[in-house]
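Naming follows writing order (A, B, C and D), and every chain is counted from residue 1.
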Amino acid sequence: MTLKLGVIGTGAIGADHIRRCMQTLSGARVTAVNDINAESAASAVKSYAPNAKVFSDPHALIKSDEVDAVLVTSWGPSHEEFVLASITAGKYVFCEKPLATTGEGCRHIVDAEMKHGKRLVQVGFMRPYDSGYRALKAVLDSGKIGDPLMLHCAHRNPRVGKNYNTDMAITDTLIHELDVLRWMLNDDYVSAQVIFPRKTPKSLPHLRDPQIVLLETAKGTRIDVEIFVNCQYGYDIQCEIVGELGIAKLPEPSAVLLRSEAARSEEILTDWKERFIGAYDVELQDFIDGVRSDKLRGPSAWSGYAAAVAADVCIKAQVSGAVEPINLPAQPAFYN
Amino acid sequence: MTLKLGVIGTGAIGADHIRRCMQTLSGARVTAVNDINAESAASAVKSYAPNAKVFSDPHALIKSDEVDAVLVTSWGPSHEEFVLASITAGKYVFCEKPLATTGEGCRHIVDAEMKHGKRLVQVGFMRPYDSGYRALKAVLDSGKIGDPLMLHCAHRNPRVGKNYNTDMAITDTLIHELDVLRWMLNDDYVSAQVIFPRKTPKSLPHLRDPQIVLLETAKGTRIDVEIFVNCQYGYDIQCEIVGELGIAKLPEPSAVLLRSEAARSEEILTDWKERFIGAYDVELQDFIDGVRSDKLRGPSAWSGYAAAVAADVCIKAQVSGAVEPINLPAQPAFYN
Amino acid sequence: MTLKLGVIGTGAIGADHIRRCMQTLSGARVTAVNDINAESAASAVKSYAPNAKVFSDPHALIKSDEVDAVLVTSWGPSHEEFVLASITAGKYVFCEKPLATTGEGCRHIVDAEMKHGKRLVQVGFMRPYDSGYRALKAVLDSGKIGDPLMLHCAHRNPRVGKNYNTDMAITDTLIHELDVLRWMLNDDYVSAQVIFPRKTPKSLPHLRDPQIVLLETAKGTRIDVEIFVNCQYGYDIQCEIVGELGIAKLPEPSAVLLRSEAARSEEILTDWKERFIGAYDVELQDFIDGVRSDKLRGPSAWSGYAAAVAADVCIKAQVSGAVEPINLPAQPAFYN
Amino acid sequence: MTLKLGVIGTGAIGADHIRRCMQTLSGARVTAVNDINAESAASAVKSYAPNAKVFSDPHALIKSDEVDAVLVTSWGPSHEEFVLASITAGKYVFCEKPLATTGEGCRHIVDAEMKHGKRLVQVGFMRPYDSGYRALKAVLDSGKIGDPLMLHCAHRNPRVGKNYNTDMAITDTLIHELDVLRWMLNDDYVSAQVIFPRKTPKSLPHLRDPQIVLLETAKGTRIDVEIFVNCQYGYDIQCEIVGELGIAKLPEPSAVLLRSEAARSEEILTDWKERFIGAYDVELQDFIDGVRSDKLRGPSAWSGYAAAVAADVCIKAQVSGAVEPINLPAQPAFYN
């Protein structure tokens, strides 16, 4: 049967997920919507899901018989509450990042889910659904380049707004690498160090930009991630795995090769939303298919917890300038 | 409301379209299925559409109240009959290529559709739905390279089966370029010439391979298409537009860049089915959306007719060795 | 001992060769210089070869004891006379292209050289000395791509001067492909056809630009060469060999990969003089080494003759629009 | 007049330089040769410089009237002695790296040269003569990418011999980056840190491979250099400059693009000698031209000293694991 989805939060990403479920994906429809701003909820319903019911109480939505599974796309600090309530209601829940604003909050969710006895939570980390990262992982897993020894990565945005600060380079930007590289390597982080190069004059006074984060994994693999959010030239995600036998590099997004004005050139995207646009579809379809087959396969609450713990340490390392240990408990068998 | 589709023909592509409609796309479900082989129909229904009804008579399927629109994916020579029947029934119909086996057959469909008074037919040319060709057309239409003067194209397969013959290099292979380049250039073909280079020893005795087809358009643009169906190394589609100001080239499919064994390398696909796999989804979703909004936007019956007329002349040019004129009537306003 | 060179013609390329011999290459020095314009000769001597003697009579230069070998870099129509005089004097001679302005003129030189009994003439075709063409030939000769079936080539200039006409697309531009492809393939041309695409509005009224020349070789290999001398975007030389097993493509000139302004880009040269600048050094050093070891290895008078015969037919094909046969006598054993 | 060169040391590189001066370069000839192994000297002379005199005493060679300038290509520990002797003799001297085995030894040479009052010494760092590095510097100096903020570099060899140890990753391998990046950035190093990733199983027990060296410059630019000398796949030199406005990357060596066996590929060199082969010619010609015009322009004794000081600190950082300061005195005006 068609899956009935309830959506909490109808901001940009929430509205986009409603559209996605109603117009692009297969097997689900949005039947219930809530937002702290009633007008926003009404508008999203009108645009994309005219038959959905608007709930004024998110907890009523979670408990409603009209809702088989929940999408949490509200303000970050409210995620923990709604995910925990969904678990309590025994309902599957897809939660946009962050799962919770702290490692501790994520831990509460992990504990509740384990107590419930079955995986109910999928975190909205979309990069493992990107065709490029999947192709890269396929090469790594094929053994063609041997075991990974080093990763050289970059996460670059053309520019950021005034509210973006030095912490957010970790919690909003690096968080994607923290998740996807852990998945890519099937390994855990054990230490972090942060280096601040010469600051770009294009950055605001309060923001240290660029940064280089050095991570070490349990297996000894070394990762360097350049974070450069005022790089001007484009939204550019790089990931290169150096293995014992060779090197594999994340594909560039496909682009027309142009010969004009004394140059061969290919366009670089400037809007982050376009970069992983295909991955959002695959991610949410996988959640829908997972719920319908009663078995989630996407990023788990534990993944959200692991990324949050590492992010907490990276922020500490920004301040200390030292190599800081990352202590993540062993992954429970429940999550294997 | 969800669109009810009837599918005639449950071979490889028919079964795949059923799966696509039921598991991937939005807004439609397969409610009726027919195949000349009843077991094949039963099997497809069992795998992908358990609630669909199996019809033993394709014409009954076309007329059934359970069917809003028809997908024709049967044996090529039967296409004309089923498309005409769908038009008679006033139902939208998506027909895999060829629309008909001859230009004349296509013309019957065009005439019937125009007499009906509204576009009902979409032909299964998927390349205009490929993200690469779309990006290329966007560059061309942007004016960045000026007006097109020449196109250099190639259509290469690693190898072909014993039943593939010299004609099929046109009707099965070049036919895709004949459609997509006409769409790309918004122009019509006025002549064709075929050149046979030194034959590859990898070809079978009865097959002349490779071939080069030279086309001229009404605006004077010159197109060369290399057809090489035993090229051994991969399935490789090339298209380069030389304009007044610059050159734009169809993107290569995205691939991991590997450094190993003394080479930088990127994988080339070898299976044609993978090359345009994304385009099939977009194509059929566009048909579904078109039917639901009562306005088709995809390749028309006229496109199918135009490609068939050009193909007929190319086959003539294979035999004559001469430059052969292509006489296509002006496109009726009905199709603009 | 150091080779003593006499140079006839001190225009741009003559002066550059004097500089090259005096400041860059090993084993030779310029001892004698002549130009129809005495001031030009004096200026070249002053700049690059202060100890060289200026001859007012080119034939006196050729015969002088101060001259071991001759460089002919004078006006094209005078080449035949000076090359023949050098052969008569029994001296090695390097002649810039064209060897003679007609196939017949080249034939006189071939006959004189064969009568003399030893190779004395090297023609200034520099492309076989280009590292890119050499690498391409090495791949072809390795057998990695099997026997060549088709070549797709392009010769593009950003723009040409007012004196450039439709014939010169053959005699000044295509002539380089006619030489280098014959060397690459070790094969002879048997027919030519010329196609005129839609003319670029960037061309002058008297010039048909672009053109496509279709060549057939004795072994059946088919070559298409796009000649586009007002392409605006750069000086761009393309050569792709399609073989039985794979494809090899002439390397692009090495360039910095730039990421800036929403593009990945590499510079394309716009000045033809820079494209083969390294090849000129290698070419002339090879002539010097050949003379010193009494055995020339570079492009022979026969190569000059073969290119001239093919060029004559291409010009005929421009006018006739037909496939025109190219009849070149078998290469004498003398030139193997 | 032709420059008379005396060569001390006729091992692989010494013999190659003799060949280069006698057969490829302009303006010099080798007139005197010495090697600790008399047979080696005799053999080099016989092969490439039959008229050169073999000296049994290197100091006699340095003082000889037959020698205008000296090439020191002997065993590393002897370099300091011969360079100092050349300075004492007031003769120009080209010294292969290392200038001396320690920073202190280099300092002796700097002091002697400054006391002499004129630059006489050129160090054999060839990378600033590589066309790729020059093109990269031209882009940087053009301002297109703004000021440099970060450099990501790699120095990879397919494998190394048994005698190669962890120190040599600095003194033999990184030393080239230490020189060329200082030249590229026109900046000095102020600290170094060394990180050891998971060791490749392809390395020998005594060798820690790979390593990552993190350098900081006076202007705050951060450099990471991956040193990986058993990478198996090829000899691969990478250098990417991240600037305020964009990124510029060292060109890959030019290579034929091959389509074969389901891959697009370009060859990677495996022999380091081929990678900078062109640079050796340019480097030595520049020394010859510099001597003949009485003004050296290549890497100075100070460059050799600066690289040696940084290398000494990197070795210290390998052991300490800490960020180690690099204290180089300000460059004397003498060397500007």
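Throughout what follows, a residue touches a chain if its C-beta (ideal position, glycine included) is under 8 Å from a C-beta of that chain, and two chains touch if they have at least 3 such contacts.
As the structure is a computational prediction, the values presented were derived from the model and not from experiment.
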Touching chain A and also chain D, the following chains: B, C
Touch-network distance, chain A to chain C, counted in steps: 1
Repeat of interface A-D, chosen from B-D, A-C or B-C - more than half of residue-number contact pairs shared: B-C
CA centroid of chain B to CA centroid of chain D, Å: 58
Centroid distance [mean C-alpha coordinates] between chain B and chain A, Å: 38
Between chain C and chain B, distance of the C-alpha-averaged centres to the nearest whole Å: 45
Where chain C touches two or more other chains, by residue: 232-233, 245-247, 252, 259-261
For the chain A and chain D complex, residues of the former touching the latter: 147, 149-150, 152, 195, 197-202, 210, 212, 214, 219-222, 224, 226, 228, 231-233, 242, 244-247
Touch list for chain A against partner chain B, complex: 22-27, 131-132, 135-136, 138-139, 144-145, 245-261, 285
Chain A residues within the chain C interface of the complex: 232-234, 236, 252, 259-270
